[in-house]
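Okay, so chain A shows up in both of these, paired with chain B first and chain C after.
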Partner chain A sequence: MPEAMLIETTPFARNKPIAVPGLVVAYRDGVTVASIAAYREKAVALSDLIEATYGVALPAPGRRVSSNAITLQWSGPGQWLAIAERGQRGGAVRDLEAELKPIVAGLAAVVDQSDARGIVAISGTRALNVLAKGVPIDLHERAFATGDVANTHASHIAITIARLDDTPTFELTMYRSYATSFTDWLRSATAEFVHTQPR
Partner chain B sequence: MSRGTSYRLANGGAIDRSRPLSFSFDGHDYTGFAGDTLASALLANGVRLVARSFKYHRPRGILSAGSEEPNALVELRAGARREPNTRATTAELYDGLDALSQNRWPSLAFDILAVNSLASPIFVAGFYYKTFMWPAAFWEKLYEPMIRRAAGLGRAADAPDPDTYEKVTAFCDVLVVGGGPAGLTAARAAARSGARVVLADESFALGGRLLAERRTIDQMSGVEWCSSMTNELAAYDNVRLLPRTTVFGAYDSGTYGAVERVSDHVAVPPDGTPRQRLWRIVAKRTIVTAGATERPIVFGNNDRPGVMLAGAVRTYINRFGVAPGRRTVVFANNDDGCATIADLAAAGIDVAALVDTRSATPRHIADLAARLGVRAINGVITDVEGRHGVKRARIRTTDGASLVVDCDLVAVSGGWNPNIQMTTHLNGKPRWNDAISAFTPGDLPKGMSVAGAAAGEFSLTACLAQGTRAGAAAAAATGFDAEPIDVPTTGDEHVAISAFWHVEGSRHKALVDFQNDVTAADVALAEREGFRSVEHLKRYTTLGMATDQGRTANVNALAILAKLTGKSIPETGMTTARPPFTPVALGAFAGHHRGHDFKPSRLPPSYDWTREQGGILVETGLWMRPAYFPRAGERDWLDTVKREVETVRRKVGICDVSTLGKIDVQGPDSIALIERLYMNGMTTLKVGRARYGVMLREDGMVMDDGTVARLGEHHYFITTTTANAAKVYQHMQLARQWLWPELDVELASATEQWAQYAVAGPRSRDLLSSIVDPVFDIRDATFPYLAAAELTCCGGVKARLYRLSFSGELAYEIAVPARYGDALWRRLVDDAHALGGCAYGSEALGVMRIEKGHVSGPELNGTTTPSDIGLGSMASKKKDYIGRVLGGRLGLTDAERPTLVGFKPLDRAKRLRAGAHFIARNAEATAANDEGYMTSAAFSPSLGHWIGLGLLRRGPQRLGEVVRAFDPLRNEDNLVEVVSPVFIDPEGARLRA
Partner chain C sequence: MRLACPCCGERSLDEFTFLGDASVTRPDPSADDAAGAFHAYAYLRRNAAGPSDELWFHNTGCHAWLVVTRDTRTHEILGVRLAQDVALARTGNRKDVRETSA
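Showing the complex of A and B:
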């Protein structure tokens, strides 16, 4: 069957790009996302199976790991979010729910979340200054190292935040319907930096 | 005090004389320099009368040079930026600054309400309680408005604030509160260790008192030393300097609130820059180096313009290069008189006398006075004279002699109070220290230390040493190695004091709390009337309750009360401070979250189309739901809603129901959990079918209703109402994680994954047949009422189809991944139009569910049981479930409880209103006769008149009866007929079509 006569809309489609010196705001569209929740006493077996399949085990609480094939992000006790590019493998469209379900059958509940989330990467020398205006946790490298993940909020919007590198780059995952309010906040938080270069 | 007379000194001061700034006060134009405050610039221009007091409208000048200022309060800026009660002593001068005096009419110099001063016997302490007691009705209408007009300060702006504010969180190892000598050394010691340091100071320049005194540190002038320290600190990556920032409160777990005045020093904030920024600072260790505040001495007319704190006199001379007067009398109970006469003399200002309350002037002061030719007197100032400013001081010497000395400036020092506010915000009790006649910090909150003047160490040598030590200790405590640092060296000084508070015997008012106009006589009156506890004194007199928190008043009042009661000061008590240390604008607390951004909005998939169509949105929780879609020619919302309902009933309509909560349930024990959550049985639910379900709270009341669809052997998909989505998910997690952790079941919120649209009306199947891919058969025989399926639509798009109806019509809900939501909606709209259908919103949905007798939010209001809303027979008797036991309580099973029925107005032309109460036809409209109330009402396009749902005592047994629907709020009283709650299609033929 041909894919989609319907045109896709991305979570941040209605929001104008934010261009600020010292900051790169990249909306991460085109991903497939699935939540994984281990059944009772199945977490170890689940992790082993995931590792055998993708080369990375399920990360510890507060951590995130990536391989070429998949990113696994802790999201709560016994729960993870699997993230991958939709068009990654040989041009075929990936659907992580469909991909994972048969693999982990009997070990975990898998639910498609590809459309439930808006994901944005915020990067650059001013990233910490901007995020401090909405995110109430310590994101300094000493407190929040690369690979760390936290469930918190940004300007009253529930998010999961991960540090990807020491640029620094942070990836924020939120519920899709909040994308516009989030961007409204982000625009106001970056307003003072629009006309000046970072130190 | 003629204008144009310059009181600017020829040299000196940390002002930039190459950058003149023009400003205006009360309509007169003046000039100051960059680096001035409004107060220093006014003084430089010879303006001494700047305000009228709160209650008595007494003329007031400038008492201090800091944030403790109780007198010099002005309205700063104009129009929408007008800001009342701004302290001229902290307002940084900028070009074009525009200020007005406040609380005076018609002018500052001639203020009619100064007659309040003559009427002062009725304005004494407690006057609110005594004078205007009777008659009670006069209070609100006459007395209070009258007092409010007479007493008060500035006017708030009338227009919305045009500026932006923001909130920021900062984390650090060491927070240093105050950038004086102790704070700078503390910050440097901590910074050198690599710890993350935040240093905040109220002023626009770091240095604290060092900017105001002539001192030398490490062979540098105090000012040079401050700027070299500032430069060093600014160079560290691990240091954040926050000038113009007041730490205003200490909160739990090392959290501090601070407000940064980002753009208060410019006329209009630069594009994108906030006016102010609220900092939430989370610190592992905090060093309070907040300095000290000088106390006045209480004597007659001690609030006249020209009476100024001695430390402020030195600040104006040394930091701002301004002579606060021409001829000075210095009045002190401590060694500060020494520095004051030295600085006055160095600035070329005449010193008429040094009045020292101590019986013997210390040798070093006597020597200096002699060298400078200053007359040293042991005694007190009893009063000053001069209507709008000091003209002379009356002095009583220790030997009892009286003399009068002409002067225009009285520099007064009653000693210094350490700024211990931060140490008391978390309930710390200060300790009295006799050696300095002041309170010092007591037990400190975890992680806090105090250094320098804030700790009661007033010598610069001690400040530098303590600051250095405290900084190193704080860094070490957070795991950083602080290298030893040499303590900067400076000269010796004298800081002796002999307590003296109040010169008794003046016939003039002697002010204790300047801002709230509380006099020494008021304190005595309170004591006479029995308000002897310091807490009672405060509330009875309002002492210490003004925006300055009584920083120049509290200890003096305590001392006066102590003397009156014959107790010591520590026995008398103390008043502890609460945040905020200085006033903080509400805008700063709101930050980004005002107006439309007060809270985030959630936008459903049809949002963009709705906006394009001019559709009306309604807030449902955080969701912006389409309410109705007006078309040209429709007169009002009712017209539109009628058209939408009729279209659905006759043809087909589509409605965005994506906002309903959706919860995915998987695992071997899914059904076990579901059975315990819903009151009705679910075990018989087959794969590919959906069922309506009701959840109860533990107490037996209905919590929410929704549907359960079974998608697989151990896979269920639950919907909730929009409003209760989060609550139900939380409730389910509680059941799963805490009540029955042994159940092997996992939950996932999937609300946002699916764009879901109701397709309702006789043509709904026709519409969907062009959407659902043809391989799927949705004819009634294969896809009957309450069927559920995973399928594809629009050429392979993953989709789910449910045959559910809220409207009572043949209806479906179709769901696609949210990324296709906008496109599917547009496609459905186009296809519906082709069939004579339309989009409908939550209003039409609400009308149709009332016509059908479906309960919703107004009925599921937390006070109704299943039986109350006609769902009692659904409750399973074969299983246990949450709410079953408590739902069986006597009161909840009472047959007399108001129960759901429908209502029609007897006069069909009448409008029904939700909220009306039911009363028997011939009964009186009293609460005792209340028999229930209308929960929902709507105009029914299908019936052509208003209908209602409501809870009526024994309702179902009273069908056909006529009762009153009485609405005292809207003054309506209609007769209504009790009918079945199902107004259309009671057999359900339509939804099974």
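Showing the complex of A and C:
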């Protein structure tokens, strides 16, 4: 009998690239992700400890912060998502759940989400035009500045969206099983832009 | 209709799910009149024509339960509070409830 093989694949691996002038769609693979949920009345102590360890405190509701070592993204009341590159220089592999658990013991629950989330960055001059077709919140910089985070939906698919810069670049985090549905929507939302240049 | 979530700000209705009347509280099942109290808890509603407290869930947002005070005649939203804060104010600081923010 042939030996059963599990082949690691990424959330967006089955989706063909989306090539649209004025838009860059970059699927973010090779990341380690962990959710952090503060225990009752421990959020302040937790934030202080995170800051002492990584140089950045837990962000306020609706905000995201990054240092060289880690990105911390608000994801709900008393909850955050920690994101970092899995592969490190020298070939080491980083696992945020294993890394964070001993640090925040007694203050927060930490659960690995690396294989539970699909992350995609959408940037370019047409990013706002495309996202406006499915995301119901105002993403213009006057309402959604760099470092802002919101839990909302894209065409009824629950997402956490963050503005990374003023290109603009948006990073969307979704449940992994919705990655294909999301890409199907993104493909139809970008279809009208495929054969024209941005003004 | 738009709801101003205390966590997320003003959002459209399609991010929320309606549960029902927020003015009722679950009775003590070990009380002598538990059967009657549960009947009232499950079925009896004021059905007010005017301001009424309702439970809403921010299901594609912060996943918080909210108590929304809505005028049933005009759909005017008179207030939105975290259901956790409402419950804490009602019962005192219970040990099984976690704090809402950093």
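Convention: the second predicted complex is superposed on the first by the 191 of 199 C-alpha atoms of A that agree within 3 Å, B and C clash if a C-alpha of one lies under 4 Å from a C-alpha of the other, contacts with A are read in each partner's own complex, and residues count from 1 in each chain.
Simple rule for what comes next: contacts are C-beta pairs under 8 Å (C-beta built on N, C-alpha and C of every residue); 3 or more make two chains touch, one makes a residue touch a chain.
On a predicted model such as this, the values are computed, not experimentally measured, just so you know.
S.K.: Classify the contacts of A:A109 with the two partner chains as first (chain B alone), second (chain C alone), both, or neither.
M.R.: A:A109 sits against chain B, while chain C stays out of touch.
S.K.: Taking the superposition as given, does A:K16 touch the first partner, chain B, the second, chain C, both, or neither?
M.R.: So A:K16 meets neither chain B nor chain C here.
S.K.: Which chain, chain B or chain C, is in touch with more residues of chain A?
M.R.: Answer, by number of touched residues of chain A: B.
S.K.: For A:A150, decide between first (touching chain B), second (touching chain C), both and neither.
M.R.: In the superposed model, A:A150 contacts chain C only, not chain B.
S.K.: After lining up the shared chain so the two structures overlap, which partner does A:G62 touch, if you call chain B first and chain C second: first, second, both or neither?
M.R.: second
S.K.: If we overlay the two complexes on their shared chain A, which of chain B and chain C does A:R40 touch? Say first, second, both or neither.
M.R.: After superposing on A, A:R40 lies in contact with both chain B and chain C.
S.K.: Is A:D184 in contact with chain B, with chain C, with both, or with neither (first, second, both, neither)?
M.R.: first
S.K.: So in the superposed three-chain picture, is A:L6 touching just chain B, just chain C, both, or none of them (first/second/both/neither)?
M.R.: First partner only.
S.K.: Would you please give the residues of chain A that touch chain B in one complex and also touch chain C in the other complex?
M.R.: 38-40, 136-137, 156
S.K.: Can you name the residues of chain A that touch chain C in the complex?
M.R.: Interface residues on the chain A side: 38-41, 43-44, 46-47, 58, 60-62, 76-78, 136-137, 150-153, 156, 158.
S.K.: In their shared complex, at which residues does chain A touch chain B?
M.R.: It is residues 1-10, 14, 35, 37-40, 108-109, 111-117, 132-138, 140, 142-143, 155-157, 175-182, 184-185, 188-189, 191-195 of chain A that touch chain B.
S.K.: For the complex, give me every residue of chain B touching chain A.
M.R.: By the definition above, chain B touches chain A via 164, 166-171, 196, 270-274, 280, 282, 592-593, 597, 599-605, 608, 623, 664, 666-668, 742, 744, 746-755, 773, 792, 794-797, 816-824, 827.
S.K.: Would you pull the chain C residues touching chain A in the complex into a rising list?
M.R.: 7-9, 11-12, 14-15, 59-64, 82, 95, 97-102
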